[in-house]
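This structure is in structure tokens; I'll ask about it shortly.
Order of writing sets the labels: A, B, C, D, E, F, G, H, I, J, K and L. Residues in every chain begin at 1.
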Amino acid sequence: MADQTYAITHIVGTSPDGIDQAIRNAVNKAGETLRNLDWFEVEEIRGFLAHENAIEHFQVTVKLGFRVDD
Amino acid sequence: MADQTYAITHIVGTSPDGIDQAIRNAVNKAGETLRNLDWFEVEEIRGFLAHENAIEHFQVTVKLGFRVDD
Amino acid sequence: MADQTYAITHIVGTSPDGIDQAIRNAVNKAGETLRNLDWFEVEEIRGFLAHENAIEHFQVTVKLGFRVDD
Amino acid sequence: MADQTYAITHIVGTSPDGIDQAIRNAVNKAGETLRNLDWFEVEEIRGFLAHENAIEHFQVTVKLGFRVDD
Amino acid sequence: MADQTYAITHIVGTSPDGIDQAIRNAVNKAGETLRNLDWFEVEEIRGFLAHENAIEHFQVTVKLGFRVDD
Amino acid sequence: MADQTYAITHIVGTSPDGIDQAIRNAVNKAGETLRNLDWFEVEEIRGFLAHENAIEHFQVTVKLGFRVDD
Amino acid sequence: MADQTYAITHIVGTSPDGIDQAIRNAVNKAGETLRNLDWFEVEEIRGFLAHENAIEHFQVTVKLGFRVDD
Amino acid sequence: MADQTYAITHIVGTSPDGIDQAIRNAVNKAGETLRNLDWFEVEEIRGFLAHENAIEHFQVTVKLGFRVDD
Amino acid sequence: MADQTYAITHIVGTSPDGIDQAIRNAVNKAGETLRNLDWFEVEEIRGFLAHENAIEHFQVTVKLGFRVDD
Amino acid sequence: MADQTYAITHIVGTSPDGIDQAIRNAVNKAGETLRNLDWFEVEEIRGFLAHENAIEHFQVTVKLGFRVDD
Amino acid sequence: MADQTYAITHIVGTSPDGIDQAIRNAVNKAGETLRNLDWFEVEEIRGFLAHENAIEHFQVTVKLGFRVDD
Amino acid sequence: MADQTYAITHIVGTSPDGIDQAIRNAVNKAGETLRNLDWFEVEEIRGFLAHENAIEHFQVTVKLGFRVDD
């Protein structure tokens, strides 16, 4: 069996609903163009604030690892 | 247009419900005394445990950036 | 009063539901064998991805501090 | 002589001209309300990009230390 | 019970006597203007050297958390 | 409005003139192939030295975030 | 001679007297149940504040390495 | 001479034989699709364990820098 | 299927032969008392030097994750 | 060809003019006593503030690598 | 006035008495061969344990900055 | 017995053969001019790539501690 290789891409997902959904959005968007997504790791959790100081959206930067096909 | 300046304050929000709500609580409390909140960044996620090992509250330290008025 | 001592253990909790639940699972599992759990701190948030790029489970590494009995 | 105490504030200065000027702007703005500024340390260098991918402004986060008066 | 909120301030305490005393000086100075100090965390330990290479004073940067009153 | 997603790319810009210009060069080069560049963050500042110990060029590694089109 | 193996445990020692004593307390407590303690490394220095803003106790997290017997 | 620009990609190479070979595998795989690879930097060394606790493969995350053609 | 939980232990493996073998020794030693070892991560690579400045042994600190049985 | 070895020295350059010049001053000073300087890396950017809150000088700590002659 | 340059050296001071004294010992030893010592910064606090788990000596790694004479 | 003092030097060893050999080369070179080398710690693992994307040499930065003679 050949040694497997993975590539890593960095995606920022956003959501007004919270951190979990922002991660899911990042994964979903990446899945539109990348196959064989394998794992993720959260790098940074940020967000922007709207009028009246409510949270407009959470922004979560994730590292996404995917298998490179042979 | 004048160059904008921002100041950063560090707030610890708490909630028994989870990380997202702890962040929202930090933002809400800061918004009582600070205007022009612009963004946040999560610095630390901790929590304290109550009797029977249940999570009493999540504690999330956030950096909050706000525009300094001219 | 004697000076209190704490020990720290590192646990990875997992959940398909999100980060908060993964932390609660880590605390619950640790509570089966450790008494006097006192606080936790999140060290790392990762996850694995299943077929169709959905998130199979979140993995959250937590440091758990507990009082060492005299 | 009494032991000196310092407080630290975190300011984000911005400038379209470059990093040095963004730092100077942060210091100038802080100097409008704080006395006895003593030193700074750069924490983060970021920037935003405008149309046609030109740099709209540099954003430099600085820690500013100032002597607390007795 | 309302969720508690904490704010964090960064203070540099100094002392010719050692690290412990520099921390105590930072706490004492902060206590002159802030109520409800709750915990501290050491961020940086530095010092300046005087003539003949003796240590003139230790400088300890501490994060100080205090409860924000409702 | 759909949740926005961003991707991050890492570019090393170089310039004999200084750090600001090395950042501008990184942004310009990225802008030749990427649309919707939104922000940058400096990750590393290095440089190489030529004969006679002059600085041949500054090398600045920047993270560049850009909006992913829907 | 067989290759030596070490295990690492993380202990939080506390003391009202200062950092050095908090470290010694961590080592002493660990020594009640672990043999062959070999070295320590300070990971974190924190503390809690009591009424009147005095330091109630210093808390020092130490990594403790000990030889695993063959 | 135009200022050179480099892009950075993140690859995880794996090998049952050791860290050096995992790095070489990452470089070889990247070289199948990228020209002008110039340097690498190790970011993370991990591995997975198989039955009987033997190391199934080492996983080394490398940053790979390559020159962007003019 | 129940959510899986993992615990993490920190082991320092040593070897005169090199880093790979020091990691294997750490895994082997841990495998004598722990079941279900799943992954490792290198935290620190150090070593001690003998007479004539030869390397007496490499010391590699690894985090070892293992599944906690239900 | 023998394997090349490099040594690293840490120098703090200062300048009232800005970061770039402070780096150049560090390199120039090091070049007075060291041959074969090869690269630098910025470790820390600080500065001291003079009366009226103007920046008296920028202080940039650089790691300087130089080839060790055979 | 010429721009001042500083060099940094890394010294490990040791003492059975505590951290403060280990720092003082590092400074004293450095002062035997270096002039114009200006500041220090603590990088690492470790120690070795003797028989009966007592602390044999504290080891404190300090960065020492000193002015380079013109 | 006098308290021992150590100094730390930073060396980059290189080798086409792998990481272990690059470390040994760094130690050997340092041993030509420094006595009483005591321990090392790996700070950074990098490498340069030659034509056809083969690894030309590994570059390992090590901190080397050595006892300062009384």
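A few remarks follow.
Convention: a contact is a pair of C-beta atoms (placed from the backbone, for glycine too) under 8 Å apart; a residue touches a chain by one contact, two chains touch by 3 or more.
Since this is a predicted model, take the numbers as computed values, not measurements.
Under the contact definition stated at the top, the chains bordering both chain H and chain L are I.
Residue-number overlap of contact pairs with H-L passes half for only one option from A-C, G-I or J-K: A-C. Mean C-alpha position of chain H lies 38 Å from that of chain K. Computed from the mean C-alpha positions, the centre of chain B lies at a distance of 31 Å from the centre of chain G. Separating the CA-averaged centres of chain B and chain E is a span of 22 Å. With touch defined as above, residues shared between interfaces to two or more other chains in chain L number as follows: 9-10, 19-20. Remark: chain K residues 19-20, 23-24, 27-28, 30-31, 37-42 touch chain E in the complex. On the chain A side of its complex with chain B, the touching residues are 18-20, 44-49, 52-55, 58.
Residues of chain K that touch chain J in their complex: 3-9, 63, 65, 68. Taken together, the chain L residues at the contact with chain J in this complex read 9-16, 22, 25-26, 29, 57, 59, 61.
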